[in-house]
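Okay, handing you the structure first.
Chain nomenclature is as follows: A, B and C, assigned in order of appearance, with residue numbering initiated at 1 for each chain independently.
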């Protein structure tokens, strides 16, 4: 049994990573809650956003945190256009059809990345990446802390927008009752496109927050999609609180899994949680009953 | 044949069925009527195994079938149709009925022959090769009937089979149901269309707010003030009674 | 199947049997082709059609769309490899055992998933998760030698299921392909198959009409698993090497799914048509890559086309290419 101090460090590190997973999951659960789409392309889009952040740094020298507004705006635009141009057209069929279409998109994105960027992993080296902050017995990288705080902040902003703004009200109306929203004059298709855009914008933000401490490679999409789905299913499809709780739990699980079982086997924790939740409580911790 | 005793089923605290009891004897046609929301379909669902009753028992030919899975109840000889038709859309009428005929035989030729015979019995002899998705409402209703028949039931639960049909179609289906009974199948049906109830049913149960409030012949039921009030509101019986000579 | 369809099938079979001989004759006659390469391509088409059919049986006929079908493929692959390399079994004996293992995994996943009532997208996702679990285990567990993979000793004798001449693997693959077609054909003629289709079309109605939905679903997933595993075992015999990525990589799942969807899910010949289409795409991209030096890595290019095809097929031609051949059936059912 490892030293409790190491476990604590693992938990803290996991929470920090989890904060970003929350951001990723919030986007996914928003898309599901509003459009009833299971966006299988979520992981691949995150991967593309991370490459975007990488190239902004490599070619233009822009720090990933500084790039936040650019990447968020760009991701939103990309998501919006993707919905309008492609997904929106075919999203009114069966559940499985949309899953297949987003699977197809994921495959295309993953392999375009493979083709363009080859299989190498890429990292960003920022000057402050090495700065370590000591919390008790745990040594936490500064960027991870910054990213965590930024993620919380962004989630808070999103939450405020959803609760207070006109747009947020419209989105929640459409999520609740599509036909009714249409009847009171809300442009439902527009809300769909915007919601999808916001979901992808969350990915853009997550990309900026991940790159200082993480790496990107074309296969990142796979790993992220399973994490994203597990988080959302754990928390409950369509629930923001669920995404938050789920993200933190998954972050800690991943961290402790790696700590206790080793790098390779540690990955299994997430898949096992996914399977267990689906088998035992498919609605998740906070999801609406099926 | 069918004995339902004190069946109750609640959803989120709201009692959809509240201590309902009914009997159906072999060879009868019994109707279950009542205003919208009275709990008729929930009662059916509880009898046929789609919902587990909170209380009460269902006995079929003496055997306790309360809460058994639908496919087991079907094997025992009771089958229900759905109010909102559920055809197997992408396959033909023949194939729709055949898969149900397979409940009684494993042989393809036998199942196909049975499907054809039953299709003709319900008046679909000419539509055997049409896709389930391409049928009209009347066609779908007949298909529901045919599929249920093909499983070889002794008791047929029909859930608003007349809904959505025009008067001519109703008359035709009524005839079909009569022939089904003559062939030895007992029938319990939920209906709103009074024409069908009066021309088919020997006995009628009236359900309101989950409880059985009346039972008797169609004529007796129609004259029952409690029934009138259930449909038309409190005091309606007195008002209507006042208008009669 | 209609008389005409049967005629085509017979003709196709004769052609398929003669194919390697014709190709060799053409090569000997001086045509600028590489006969062994072409025979290999033929083998791949048959093989892909076989594993595609394993997906089709569950996904196309019964509507159990799985995203993790590679879990069966990999089980068969590792089963075959471990039985030979670690326990010294003869491959001819190991093969059916590997297939049975796949059937067991299918039964297990089915029992768990269907008992929990998982359908549609949730089922698709849980199969993905299972495949991932198997991959991680294969990468970490000692008896698979983890990431190092397992090597089967090269001992080229027919008794050892290893052949010098590629023509034998071609015929073996052809046999598998034909067997798969026969299985699918049987499904269209038996009670079991009819029940699967009913379950696919409307599970609740099927249940109401006497079909034991749970049992039938588990049965078909077991059958599908056995077929997938048989395919995985065969694949390993050709390359004599397996590792967690080869066995459980997600690309194989995509291939098994795509081949059926493109060709026509739920049809007998769908996976074969799809296999032909996908192999053709592969060959075209390979030629492109040899001409355009920038495209040094061919694999992603094929997959990009695969992904695009999946989107197009689902959006525009949901019944796959097969619907272009047979009677055109209009679908007007809307599910809200």
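We take it that a contact is a pair of C-beta atoms (placed from the backbone, for glycine too) under 8 Å apart; a residue touches a chain by one contact, two chains touch by 3 or more.
From a predicted model like this one, the values you see are computed outputs, not experimental measurements.
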item	value
A-C compared against B-C, more contacting pairs	A-C
Chain whose Cα mean lies nearest the overall Cα mean	C
Farthest chain (mean CA position) relative to chain C	B
Centroid distance [mean C-alpha coordinates] between chain B and chain A, Å	50
Centre-of-Cα separation between chain C and chain A, whole angstrom	32
Chain B and chain C, separation of their C-alpha mean positions in angstrom	45
Sites on chain B touched by chain C in the complex	48, 50, 69-71, 74-75, 79-80, 82, 86-91, 95, 98-100, 102-103, 106, 108, 111, 131-134, 147-148, 151
Partner chain C, residues of chain A touching it in the complex	38, 86, 89-90, 93-97, 99-101, 103-112, 114-115, 118, 222, 226, 229, 233, 262, 264-265, 267-268, 271-272, 274-275, 278-280, 282
Chain C to chain B touching residues, read off their complex	189-191, 194-195, 197-198, 201-202, 204-213, 329-333
Chain A-touching residues of chain C, taken from the complex the two chains share	65, 67, 112-113, 115-118, 120-122, 124-126, 128-130, 132-133, 136-137, 139-140, 146-147, 250, 254, 261, 295, 297, 299-301, 303-304, 306-311, 314-315, 318, 335
